[in-house]
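What follows is chain A paired twice: with chain B in the first complex and chain C in the second.
And now, the complex of A and B:
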């Protein structure tokens, strides 16, 4: 138990500086994005009037059918995409780093002579990773609530922000699990982070493709960025159950895969 | 002669990763440009509609550049994402090529040779620039080819070429930044952990540009140096940004040389 707790605490300390950096980044993104809203608020009203007179088909082309930028929460939904990207970069790199670090820095020997099983090692690292994600998520939640509420003069938006943060958390865990799974399966420790982040970036570019094309169909299942789209969450005031189930499936699969592969493989020492 | 040896060695070291990057960039072009035919047929009608929009609306939705009304504008929209990828490539290359020896603990071999540090860094710089020139040459020619497959209109234009060439300038910026970071920071364990957040930070700053005031912030991030709308209209780049970029690149590289010569490796 002692080794277990020690390893957990050691991993938390190792990523402390990074976590602080990412937290500041998140706060700046929310604050920066929402301060942009101020300028658009006035302009938004004339736009709303104008949009009211537009034919439906034209609105659909611009994805502006539902978008009411005079409301703070709609504007926040646009920024939310960037929060997702930041969360995804952070967690994919974290997942990869947690596992691949020992082999890359040749510290396997120290770690694996300890009287704990590999399963316990992964579990301790996984818990440390999740702790990091929770902290980053809470920082984002609190800063979003405070900052968006400050700009909001309509109905309360707490509920919608909570939903988006749950979505953010799913995306974070998905990419943490993908990062860890990459580390378990890729033999060269140096290649783990590039592969995990490369995968993450391709799903991001795919979601941009879907957004521009405006045509979802089967492609949407391949990009977690689409699962928790801010505009859809605000519009429905709910998360899409299909995507929640899909996310949980991906997460369970990736974590089981990590345990399974990592327990079996030879480590480069 | 040692300069040539290191140069060739570095080219070989990074040929595979460069090939992968080129493939990724070209693939992105294919995927995004494949959307264009859907809009091309309606481009004329869309343009008429957009021209009647109030300016505030164009500003908000981000369609002030009239995307979807011409291939140039549409390409400007999607090219932003390709620029992000290209930026990561260059930053990664710059950071990796300079910090490689200390990461792999092979400095002994390199430094033990009777070659000055300046020569080493110059060879690495030349190799990196060569790789970026190759990347852009292949990317630009393939993208012209892809466009001709997906669009009916006349493709090869100076404007389009100038838009695509901005990737090379942006990459030089991030290459220089990569050199700077790799020489100033004592030890880099994971290159991607440095290059990816830095490039994305610059990208996000460009999105949030008008928080502090448009012009001030636009000089900070290379993603704002090239306004595609301006290029489409004037067929040239904005000189003030070109100069800013050039000054940054020179300062960053000179600083890298100073640090690299002094560094304990």
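And now, the complex of A and C:
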């Protein structure tokens, strides 16, 4: 195993524009979401009364009805779901793209003919992917801290935002690994990204289903969106250790699977 | 030691035949032609040698080392020019070449600059703005900039204008004189004939012949071109080993293999308008190997 700085930097350059776009998207999502909070805060208790009158199913989607939307951090927990979705789409697509683009664009007759093993190619691409995720996560963290604190007039919420960002990072890595594993196993490069994002969306809808129905507890293990639910993090002021262990397990499995399968298969040239 | 050696190399894509039991040995310093019609298995063989795809059975070694196990190591000394050249569209030629060079253990700057000059390449242009021919030129520079000991060419001249083809052939001959081994795959026999020492002919995934080009050209066949008042039939030369017999509008051509005296005496019985005996090109010699493909087309 050797680390190829040239390939790593090449991958960073290739995804630079995309990363800037997603970063702006994240900032807009935090800012746009929190700007609505102003209205809720002014309306005061009547918002909570209004929410209490909503049907349970609708309520579940908006945080199960336990959220005090007049407090900044609870409101942020609501927005956090959308940050999770954005982070998940970004990383699933990135993971798929990192591997599949060489076959889609026919550049694998260049890259894989270089004196570098497939294992080292995956490693450099994986690290470039993780770097992208870290940057997007930090952008989200900083913008969240600044914007939420600007609206917050209660206790400091820094700790809870930090916890949610760790949760976001786990979700990002999980879907990066799923994106890469899809690219390793799916032979038609154009199908990789749709399959990875399709899978990601189905886990999202599963988490919504569990929230609305309120039972089927065993299903929660199948959706990373449930592992790092903003409402639960704010309530517990902690991450659930079971889900952290489970996440690490999924990540290790998916990355090992990627290395193993991709090393064995024919490239589409 | 053979530079390339394959043993019963076989590749199936699912049920589809790629190559079957390909045995090749390419010696150090030779220019080896790999000839066959499209779809015969030339690219499959090359991609297996480069471990882009893995064989179904059999094995291949380059520089005496297994191509899968020692892939990255042997690729330090392989230069490859694919049939279709594809690079990252947003990159400039210069950064692409530098990027390519950065994978090798040695400093390639000097040779890269020489090659850019020889191929008359504008390195400040973006890959996406290049014509097919210019992309091919980038491919040539990129494939040779690390002064590889083995150069693998897959249909290398497509897209190059005749002047650049000549530059390219000179370059390949130069590399060969410096000691590089050349593996040259093509369906254009003329260029193989010009450059190669030996050729392997592949058809339907199988090697059907490996021979020295010189032997093929010199000893095996003679081409007759006869003009007569009436068309001739192949039966007129009954018993002689004749290939590619064509008789049209009084002009008859065929390839002959065997005792030249016998055929000359037969020809002398004819009422001739003109007679020419020439060296056939490879294309004609190999024509009968391809006849099945022609019938399909």
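The rule we apply is simple: the second predicted complex is superposed on the first by the 243 of 269 C-alpha atoms of A that agree within 3 Å, B and C clash if a C-alpha of one lies under 4 Å from a C-alpha of the other, contacts with A are read in each partner's own complex, and residues count from 1 in each chain.
Here, a residue touches a chain if its C-beta (ideal position, glycine included) is under 8 Å from a C-beta of that chain, and two chains touch if they have at least 3 such contacts.
Not measured: the values here are computed from a predicted model.
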{"item": "Which of chain B and chain C A:108 touches, first, second, both or neither", "value": "second"}
{"item": "Partner chain(s) touched by A:185 [first = chain B, second = chain C, both, neither]", "value": "neither"}
{"item": "Touched partner set for A:32, first chain B, second chain C, both or neither", "value": "first"}
{"item": "Touching partner for A:219 - first (chain B), second (chain C), both, neither", "value": "neither"}
{"item": "Chain B versus chain C, judged by how many residues of chain A each one touches", "value": "B"}
{"item": "Which of chain B and chain C A:116 touches, first, second, both or neither", "value": "second"}
{"item": "Chain B versus chain C as contact partner of A:251, first or second or both or neither", "value": "neither"}
{"item": "Which of chain B and chain C A:12 touches, first, second, both or neither", "value": "neither"}
{"item": "Shared chain A surface residues [contacts with chain B and with chain C]", "value": "105"}
{"item": "Chain B - residues contacting chain A, complex", "value": "28, 31-32, 35, 38, 46, 49, 53-54, 56-57, 59-61, 63, 68, 77-78, 81, 85, 88, 189-190, 192-193, 196-197, 200-201, 204, 207-208, 210-211"}
{"item": "Contact set on chain A toward chain B in their complex", "value": "25, 29, 32-33, 35-36, 39-40, 43-44, 46-47, 50-51, 58, 61-62, 64, 69, 82, 85-86, 89, 93, 97, 104-105, 193-194, 197, 201, 205, 208-209, 212-213"}
{"item": "Sites on chain A touched by chain C in the complex", "value": "4, 6, 10, 14, 105-110, 112-117, 120, 264-267, 269"}
{"item": "Parts of chain C lying in touch with chain A, wherever the complex brings them together", "value": "13, 43, 47, 50, 52-54, 71-76, 78, 80, 82, 84, 86-90, 99-100, 102-105, 142"}
